[in-house]
Structures are given as structure tokens and as C-alpha cells.
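Take a look at the structures listed below.
Each of the next two complexes has chain A plus one more chain, namely chain B in the first and chain C in the second.
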Partner chain A sequence: MTGRRVLITGLGAVCCLGTGVEAFWRGLCAGGGHAEPLADPHAHMRSPLMYQVPLPDVPAEPRRLGHVRLGAGPRMGVAAAHEALTDAGLDPQARRRLSVVLGVELGNADMHERRRSSAATRVDPRRGSDEVGALSCPEDGGRWVPLTVTAPAVAAALGATGGAVSLGDACAASGYAVGFAADTIRAGAADVVLAGGAEGISRVSVGAFNRLGAADPVRCRPFDRHRRGTVFGDGAAMLVLESAAHAASRGRVPYAELGGAGWSCDAYHPTAPEPEGRQVVRAMRDGLAEAGLAPEDIGAVVPHGTGTPLNDAVESRALRRVFGDRCQRLPLLSLKAMIGHTGGAAGAFGCLAAALMLRHGRVPASPPLEDPDQECAVFVPQQASVPLSPSAVLVNSYAFGGNNVSLVLAGRQGPR
Partner chain B sequence: MTDMVVTGLGIVVPGVAKPTQALDPVPAHSPGWFDVAAALPGRGYRWLPPACQYLLAAARSALEDAGDPLAGLPVERRGVVVGTNNASMALMDRMDRTIIDADAAELSPLSAPFFAMSLFASRLSTEHRICGFNLTVNTPRTAGLDALQVGARALAAGRAELLVAGATEEVLPAGEPGRQAGDVGAAVLVCEPLARVAERGATGYGVVRTRAAFLVPGAAGVPVSPVDVSPVDVSTMDSSWAEVCGAESPSVEAVLDDSPVGAAVQSWLAAQRAAVTFTTARAGCLTPLRRLVGLLATGAVDRVVLTAGAEGNVALTRLRPCAANTRDPAGS
Partner chain C sequence: MSGPAAVITGVGLTLPDSVGDVTDLFDVSASERGLFDREAGLRGRGMRHKDRASRLALRAARSALGDAGLLDAETFTGPAERTAVVVSSNLGNLDSVCSFVDIIARETVTGLSPLGLPHTSSNAVAGWVAIQYGLRGPNVTVCNGSTGGLDALFWARTLVAARRSDVAVVVGTEPDTEPVARLLRQQDSGPAFDGAVAVVVESAEHARHRGVRARGVLAGYARARDLSAAITAARGLDPRPVQLLDAETFTTRFGYCCGALGVLQCAAGATRLGRDDIDAVLATIGTAAGAEAAAALLLARAEGVA
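Take a look at the complex of A and B:
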């Protein structure tokens, strides 16, 4: 490791709040979006709610990657990636050398699901009616069609040749993608990496959470006593990570520094977090240590906060162990209450929100909790935004199987 | 870029009993080729999805082969990276048809969580108390080799001292393109930094170093003919090759398909005048890792394993002999 500092110099987003980073921030400041039932007539389940990207914001292109027809997830990934690179102002040479590291769990699943339901007479207007039933192009019909093609679709659209790695750590996937990208830059193996995540709508994932009793039929209500599970959302979040020296050579002013990351695994249970949160705590502390920060240097937290009863309770207790009584005044941004749980893209959305909080110096108010859970002794600002101070944010991202990653973003002054 | 010593090998694929047979031709598999009760005695394995069973069995073999490398190693210093493309495709297909034809309430609560492909690696971490990190890589075709790159980077960053890296795949569901020539089974490597290998007096099969690259598969949105290689710019292959091989020209084990990207890489290899052994790529990410295991197990370690997917992903893994403590291939 060279110890090179890693900066965030470009951002891109598509989510239920609209297209673009400005729409994302404006939407957060306005209290976030709303969950709606899926229009899919085949989604037979008790609670088919999702926080959905508005139809006009689902890009029509690119329609294919080689022989593979692309669904909404990869298309949104490409749109967010273009925005992030434009935001970063990278020249054509840097774009060509660019490495892409995405966290994608379900990728092109909606195209596979469309094929299965293509015999039905009704077609989900959101998913489009063109070429229903086809996974690959007619001239190449027999070729294997992988599920997770978003990273190569993004690399191809950008003309990036520095590799396109796809991590699939479920709901922590893009958090790990950001962490792996930072390690790659610190090691001197790349100057610029595009990291992020993108997910479309998946009938299977929403159905599975219904079966597991983890789908809230009302809305996503993290830290509320009446929460009954999560509510998914679709979208894409992208970040341009760049070595400080490379950014300085271009005269770029970063949004933030990615100071550090902590990785851990519960090795405990397929779906439930380890009740004591030992590895969750370790990930947070390792992230802080890598950033050279103490708990009192953190001004806000973007928690994993899914609305799943046990997850929120365990994370709250873990935050209490790391931050002590300061939890009572350490503001949390309840992001999933505003855009839903974006699955593999959730960690990148957390980092995106953190970078914007650092840019604007404020923590937006989260949707009101009707009945704050006493088991979750955390501070979620709900009436108005609060100042961000100190200028550093911790982002947590967790997943099935006990996969945990905590990322520390610091303001332009830097953590060291 | 970092190097890792491979100290243990495990493989579970049809027609292969041990790693030294991993280079043998792949026979057509038949239902029942894998005996879960024999491979994983005990409770709690029979209900797992097949790709999880394969992975657990291959990992047991690899860890045993490595000489119990977890002994004395704190759980926080152990890491896992697993590549897969198709581990849960058959399960997701069944789940979706249940939702379409009936209701999500009819799904099995035991198997439903495995729609998340990270659970396959997570089950492995739970089995061996691996708490450092647990990553899943799902890049098309290259995920198995990418797992080595991602894991090596994590070891170099100090996130663990021992890596269990592998790939696992399951047969694609009926009607899925590529089903007839899909990967099935698992391959696992135990990898350690050279210093730790020396410290515990272990022996290694070889040293591996992996690099990912990307070739744009034609202009975006433009249909690409399977026989037209002209849109694929392979000029970046030179630098990728140099990063793992320097000025050396080792023999190449190439796992490629007949896509424009595969054909372009094949043409590039021909221009390098490298000695190349070609293997037809299958649907999934296992075959490149299976070939890697076979090369390591048979002592053919001055090689490059190279694979590419139709979507543009490329991965190269350089194998070199261990400078010291070289494992006797006959002992595999």
C-alpha cells in the first residue's frame, strides 16, 4: 500500500427522487419519496411495495451489451455513471484508463423475469413491451446471458478499459465496491476508479422478503417501534474515486475524502445479524481507525437502517457501543425511509448522501417516526435539517449472511 | 498488485476425484453425481442449494490439503472471496414461477434467502468461522479469477492473513441459454502471503497474481455479429499482460468462447506467438479456476490462465513456482 489519499470527485444518481444528484439532494431535503405497489400483474405477494424510479427517469439506452439485452438496472447504472464522470471532468484519456468496480446483486434480473412472465397477456408498462421474452439478440440467441452484466455495461458505455469487476455481496455489495476501489487506488494500482451500484426491480427479491416476513406493508420505517421489515427501491448511485495527487493535478475540488473502511463478517446466520453486533462494531471501529479518526470526530451517520426489527435494534446497540452517550445527539440520516432499500446499490447511495451532506454542511431531516422505538436509542432529526459538525460521516452497509462494511467520509479538510 | 502463495486445493466437479484430475475433459454430468451425505456428513447440509454444497465440500478439501491453516489464526484474520455467476439461477427461476403461478407465500423459507448469491460464500464463512471479510464476485465469466484479484488486494491491505478463494456454479434452469454447456461444481484455493507460509512451515503449489481488464464489445447499441471481431479494440491487452508477466512469455491456458471478444483475444494471443492451450468456455466462471487448480496440482506452474467473456471482461492470472517450499505435485 502506498498510503495514497482517496478523494471523491464525481457523483451520479438515479432513484425514486428523480435523475441526477441535484434531484437526489433536493428530494432528501424535501423528505424523500413514497412507496408504491408494483405495476407487475405477476407479483403475487402480500406487500408488493417499492420506492420506484419514475417511468420518465428510466433511461431507454443502452438497450444491449453485445448479445445481451439490458434492463432498467444496467441502464440506470450507465446514466448515473455518465453523470459522475461528467461531474468529475475526466478527460478522454483518463476515461479510457478508468477501472469500474460495481456492487450489483440482481443486475439484469428484470429481463430474466420478463421472459418468464412473457406468456401472460398483461405487460408491466414500466418494464416495456418491446421484445418481451427475449434475453439475447436474435442473431446470437443461443449464447449464455449472465445475470449481473451491469459492470461491463457501464464500462462499455464509458469506453473504460481498466477492468470492470462486479461484487455481489447482496445489500452490502456497493459498500464493498467503494472500499475495494479505495484499496486499489491506495495500492497505486489505479488513479481513478468508478465505484457504485445499480439495481432494477426484481419480483423475486420482493417476493422473498415477503415470504421471510421482512417486507413492511406500510412504508420503510427504520427505528420506528411498528416497523415490520424493509421496502426495496430501485436506482443507481455512482462515485468517482481518485487519488489526491491525480485530482490535484487536474485542479479538482473534491466532495470529500474517503478516509477509511472497515470490513467484517458475522459468520453467524443466513439472515439474522449476530445479536451482540460484535463484528458490526469492529467494522465501524476499523473504518474509523483507517481514517485516523476517533468517534468524536464523526458528525453524522448514514446507518444501514433497513426497517427490519432485529437489524435496526442490533445496529442501534452497536452505534451506542462505538459512540457512547453521544448517540443521543449524533444525527442519523434514515436514507432508506426516503428512497427505500436499494439492495446492492445501498452502500453507494449511503456514500453519495454522505458526500452531499459534507458538501452542504447539513444533515437533512428524515421522515417523521410515528413511534420511536426505545430499543433504538439513536437520534434521527425529523423536524428540520441540522448542521453537520464535525465534518465527517460514517456510512454503514450490511447484508444477508452477516456481511458488514463501514466507510468513513471526511470533509475537504481531510481526516489526517 | 500482490502475490499470494496457494497452499491448498479442493475441487468438486463431475468426473474429477482430486485436483490432479482437474485438467481432464469434462464429462456430461448426470443427476446424483454429487453425494452430499458422503461429502458433507452431518446435519444441515442436505437442504442447502447444490452450489453451496459443492462449495463447502471443495473448501473442506482445500483446507485439509493446506494442513489446517486456520489453527491459531484469529477469526478476524480470515477472509473469503467466492466467484459465481449461476449459483442461484435455478433457485430464482423456481421462486419466480411460484410467485407467478401461485404466491410468494408458497416459497420455501429455508431456500428463499439464497436468491441472494452472497449467501453461498456466507455459509462457507459460518462453517469455518471466517470473520475478516466475506465477498462474492459475480463478474460474467471472470468472477473466479477476479476472486483471486479481489482477495489478494484485501490481503495486501491487511484485511486478513489467509484467504479462501473459489468459484461455485450450478446447472442453469431449463430454457436458459447456455444450459447445455454450463459450469457445475466448485473449485477452492487456500491462499496466503509468502511470509505466513514460511512462518508456519507450509508448502505451496505456486504463486498467483491476477489482473482484470476490459475490452469494449463493439459500439454501444450496435448489434455485434458473432464472427465480426473488428469492433473489439484489444490494444489494452498489452499493458494488462505486462502487469502480470513483465517481459516474460509463459505458456497460456486460454478459456474462451466464440464471441467477438473471445475471438479478438484469440487473435491477440496468436499475434503474441505464445504457446496456447485453448479450452472452450462454459456458461459460468468455474472453468478458468478449474484449469488453474489442475495446473497447480500437476506442477505446471509457469503459465498464465486467461479468460474473457462475451460482455467484455478479461482476467489473467500468472502462475509461478514458489521460490521455496515448493509442494510436491505427486502428493496432491
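Take a look at the complex of A and C:
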């Protein structure tokens, strides 16, 4: 590795709070969005809630990549990617050389599910009223619609030729993607990489969490004693990662430095976290060490915080082991309570929020906890935003399979 | 790429018996290629409640870890917290996802089996391999189309170069399930590959410290819009003549290998380096036309690797 420093110089977003980074930040500062029932007639489940991107914010284009029709996830990915590249001010040459590394779990799942349930009789406005009832898909020539088309769809839309990679690390996918993108730059294999994630609506995912008893029928309530599981959200978050030298040559002012990443695997259970959180702790400590920071250098945390009873308890205990008694005053941003659990895009959304917190120097207030869980001894600001100090943020992202990644973002005036 | 060099120290295959003798491609012993009663080996302890892609992968991983000298019976003896799992599979959980879509529409979610739920996540295979051997390093799943296998090897090399891992188990697995067969009929892609292949990638210094033989070193890799550009970039300034391991050779022999293809090519190359005075092999995927992504991986003899 060259030891090159990696900066974040562009951001893009689409989520339930609207289109664009400004809408995202404004929405966070206003307390976040709300979960609504799916309009999917086949969502036969107790709690079909999701934090959904408003229909007018779901882009209509691009409709296809080759013969493959693109669902809402890839289309939102393209929109967020365009915003991030514009934000970064990359010239056409840099755009052509760009590598794209995306973490995508559901990908084009809505297209797949629609085909699979082609006997539908009701109309789902999000998925295209003219297509839901089709018994076959003659537009595709009867050909398969693959799931993992988001990265190539984004690369094609941008004209990026530096390679398109799809990581399938479930709900930690885009956290891993950001880490990989940084390693690629540090290794000298690229100067600029677009990293992020994009997810549409998936009946299978919501249904699977219902079947596990891990879908909250009220709203996403991380760290609340009455939490009953997570609530998914759709959307896309993109970050332009760039070597410090490349950014300096362009005179760009970064949002933040991606200082370090820690990766680990529980190797414990296919769906449940290891109760002691040993590998979660290791990922956080490794991320801090790589960034050259101590726990007291961190000013806020964007936790994985899904609202599932076990995750939040394990993560809270792990935070306690890393930050000690300082947990009582170390502010957490309960992001999933505001935009839902965005699946494979969650880690990128965490980094996006962290970069904006560093830019604005504040940690937005999270939705109020009705009954804070004593098992989760963490500090979630709820009444008003609080200053971010010191200027560094830890982002956690975990997944089925025990995949853990912790990312450390530092501000320009951070401790480093 | 700077950082420690990445070498291959183990190979494991779980191939269909129907492919017959493969010693022209893989210079491996019968135990390494899984010449056992394969279907029996996919049942029993440790194989229950797992999808076919995971079971195939577990068999291949076991063979590769054994070949690398990292198993004592069934126990992993390497550095667990510094051992990564990198899996490439595009169709691995297709049967689970299709089945779940059908069941939810027909019976509501109450019809779903909780035991099958993990397999709706694309990273289930990597999770099972980690759980089986207690591997607590980075756990990565690549769903990257035809180049996925070579991409997975690149990521393993990157993990080693970044010093995130000393060892990485790279697995390519694709099962021949009913939805896969239907997909391949639709695409006119020929018969499906039904198997898995694993290679153990390790930092050269770690392998040397353990005193194990490096079968080859991952010397170059590139992705590009067309194959000639990928080959040029992967070879760099390396002057050695290479033996070509093109995709068609493997697809013709084993069926549509999909995400397992690149790992198969690498495994073949690793077992053949040094034989017949072969100093370097070049695995290639893609065409000159540039219609799809292309990738190339250069694997060279490991003598003298620092």
C-alpha cells in the first residue's frame, strides 16, 4: 500500500427525505421521514412498512441496461451518482477513468419479483402500472433479468470505464464498498472511485424479516425498549473518494477524510450477531487504529442501530467497551429511525450522514425514544442538534453472516 | 500494487463426476479434486439446512484449506482473525430467492421456512464458510457477472496487500438448480456448471513463515472494456511468455461456470505452474469486441517472491 490519504469530495443521495444531498440533510435536521405500508398487492405479511422514496423522486431513467429493464434501485443509483460527480466537479477525463464499487443486496429485485408474480391483478403505482399484470415479459424477449445490475448501470450512465464492481455483503455491502474503494486508492490502483449503494423495494426482504419476527409494525425504533425489529427503506447514497494528491491538484475542498476502516466477521451464526460483540469491537478498534485516532478523538457515531432487539443491545455493549463511560455523552445519530434500514446502501448512507455532520459541525437530533432501553446505555440526542466535537465520526455497518465494517471519517480540522 | 505479495498455497475442487478426467487441466491429486462420492459428501454433518451453493463451497474450501496445510482434521489452524473469505457467485441463491417469491405470493410469509431465510442473502455462502472454520477476517461476496471469479482473486490480493488479512479463502460456486437451468435455457448458455472451486491466497511472508510451498503468485490483474486492453494491463512489463487459460476452454468442458469461472482458471493455473516449464499463466475472460466486461489475471511461478 502506498499510504495515500483518501478524501471524500462528492456526495449524492435519494431517499425518503427526497432527492439530493441538501434534501437529505434538511430532512435529518427536521427529524427524518415516516414509514408507510407498501403498495405491493403481494406483500402478504403482518408489517409491510417501509420508509419509501416519494414517487416523484423515483427517476424514470435510465429504463434499461442492454436488454435488462432497470427497477427503482438502479435508477436511483444513477441519479445519486450523477449528483455526486457533479458535486465533486470531476472533469470528463476523470469521469471516464472512474471506477465504480457499489454494495448492493437487493439490486434489481423489484423487477425480478414482478416477473415471478406475473399473475398480479392489482396495480402497483411504484412499479409501473402497465407492467404489473403482464403474464410474460415480451419486452425482455423472454430473457432473464439479473439482480446485480446496479454497478454496471451506474458505470454505463456515467461513461465510467474503470471497472464496475458489485459487492453482495448483505446489509454491510456499501460499507465494505467504501472500504474497498479506499484500499484501491491507497494501493495506487485508482485516483478516484465512486462508492456507494442503491436499493429498491423488495417484498422478499421485508417478508423475510417479518417471518423472523424482526419487522417492527410501528416504526424503526433503535435503542427503544419497545423496539420490535427493523423497518426497511429504499434509496441510494453515493460518495466520490479521491486521493488527497488528486483532489489537491484540482483545488477541491473535501467533506472529510476517510481515515480508516476495520473489517471483521463474527463467524458465529447465519443471521444473529455474536452476543458478546467481540468482532464488532475489533472492527471499531481496527478502524480507529488505521485512522491513527483514539476513542476520545471521535465526536459522534452513526451506529448500525437497526431496531432489532439483539443488534442494538450487542452494539451498545460494544460501544461501551470501546468508548467506556464516554458513551453517556458521545452523540449517536439514529439514522435508521429517520430513513429506515436501507439494506446494502446503509453503510454508504451512514458515511454520507457522517460527511455532512463534519461539514456542518453538528449532530442532528434523532426521533424521540418513547422509552429508552436500559440495555442500550448510549446517548441519542433527541431534543435538538448538538455540536460535533472532536471532528471525527465513526460509522458502523453490520450484516447477516456476521459481516462487520467500521469506518472512520475525520474532518479537515480533525485530530489528525 | 504495493504491499506484501499474494501467493496461492492451496487448491480444492468440487467438480461433477460427469466431467471425467481433468488432469490435463488440473495437476492435482484425487483428494484435492474431490474424487469421492460427491453427493454423499454434500450430505451429513455440517451440510444440513444449507443451500446447494453453500454445500458445494464448503467441500471445496475444505479441500483447499487441507491442501494449504491449514487444517488439523476439521479444525482451522491458521490465523482466524486475519483470514478472509471471498466468494464469487452470481446464481448461488437464485433457487432460494425464486422459492421465497413464490411462497410469499401464494401462502404469505407464514409459509417461509426460517431455516432457509439466510440463503436469500447473497453472502450466505461466505457466512457458512466463515462459520464452519471460525474465520473472522474480512468476509466478502462478489456478484459481478462473468468476471466475478477473477475479481474475487483481485480483492483477495488487495486484502493481503492492505495487510487486512494474511490468508484469504477464495471460493467460486455455482449450483445447477431448477431456476438456474431455466435461466440458462433462456439465455441459450448451454449446460450449467454444478460445482465449486477454492484457492487459498496468502501473503508470501506468511506462507514462508509457515514453511509451505507457494504454487504461484498473483502477479497482475486488470479489468477493461475489451480483452486486449485487459491483457496488456495485467501483464504490464512482465516479459515472461505465458500459457493462456481462456474462458472457452473451461466453459466447453464444465458448462456455464459464471462466477466460478475465474477461480477455476486460477486453480488450474496454480496447479500447472512449474510443470512443463510453465513460468506464467494468463487467465482471461471476455472478448475483443468489448460488448461485456473483460478481465485478465497473471499468475506466475513464486520463486524469489519477497
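Assume the second predicted complex is superposed on the first by the 399 of 416 C-alpha atoms of A that agree within 3 Å, B and C clash if a C-alpha of one lies under 4 Å from a C-alpha of the other, contacts with A are read in each partner's own complex, and residues count from 1 in each chain.
Here is the rule we go by: a contact is a pair of C-beta atoms (placed from the backbone, for glycine too) under 8 Å apart; a residue touches a chain by one contact, two chains touch by 3 or more.
These figures come from a predicted structure and were not determined experimentally.
Per the definitions stated earlier, placing chain B and chain C onto a shared chain A by superposition produces a clash between them.
Once chain A of one complex is fitted onto chain A of the other, the partner contacts of A:His246 are absent, as it touches neither chain B nor chain C. When the two complexes are superposed, the chain touching more residues of chain A, out of chain B and chain C, is B.
Once chain A of one complex is fitted onto chain A of the other, the partner contacts of A:Cys265 extend to both chain B and chain C.
Contacts of A:Leu167 after superposition on the shared chain: both chain B and chain C are touched.
Contacts of A:Arg64 after superposition on the shared chain: chain B is touched, whereas chain C is not. In the superposed model, A:Arg228 makes contact with neither chain B nor chain C. In the superposition on chain A, contact of A:Arg75 is made with neither chain B nor chain C. Counting contacts by the rule stated earlier, residues 1, 42-46, 104-105, 109, 112-113, 116-117, 142-144, 146-148, 151-152, 161, 163-170, 173, 176, 180, 183-184, 186-187, 189, 203-205, 207-208, 210-212, 263-271, 279, 282, 399-403 of chain A appear in both its interface with chain B and its interface with chain C. Against chain A, in their complex, chain C makes its touches with residues 1-3, 80-81, 85, 90, 97-98, 100-102, 104-105, 107-110, 112, 114, 117-118, 120-124, 126-128, 130-131, 133-145, 151, 155, 158-159, 161-164, 183, 186-187, 223-225, 293.
The touching residues of chain A, counted against chain B in their complex, run 1, 42-46, 61-68, 99-100, 104-105, 107, 109, 112-113, 116-117, 120, 135-137, 139-149, 151-153, 155-157, 159-173, 176, 180, 183-184, 186-187, 189, 203-208, 210-212, 263-271, 279, 282, 399-403. Residues 1-2, 42-46, 104-105, 109, 112-113, 116-117, 142-144, 146-148, 151-152, 161, 163-170, 173, 176, 180, 183-184, 186-189, 203-205, 207-208, 210-212, 263-271, 279, 282, 399-403 of chain A are the ones touching chain C in the complex.
Partner chain A is touched in their complex by these residues of chain B: 1-2, 75-76, 80, 84-86, 89, 92-93, 95-97, 99-100, 102-105, 107, 109, 112-119, 121-123, 125-126, 128-141, 143, 146, 149-150, 153-154, 156-159, 172, 176-178, 181-182, 211-218, 220-221, 223-226, 233, 236, 257, 259-261, 283-284, 309-313.
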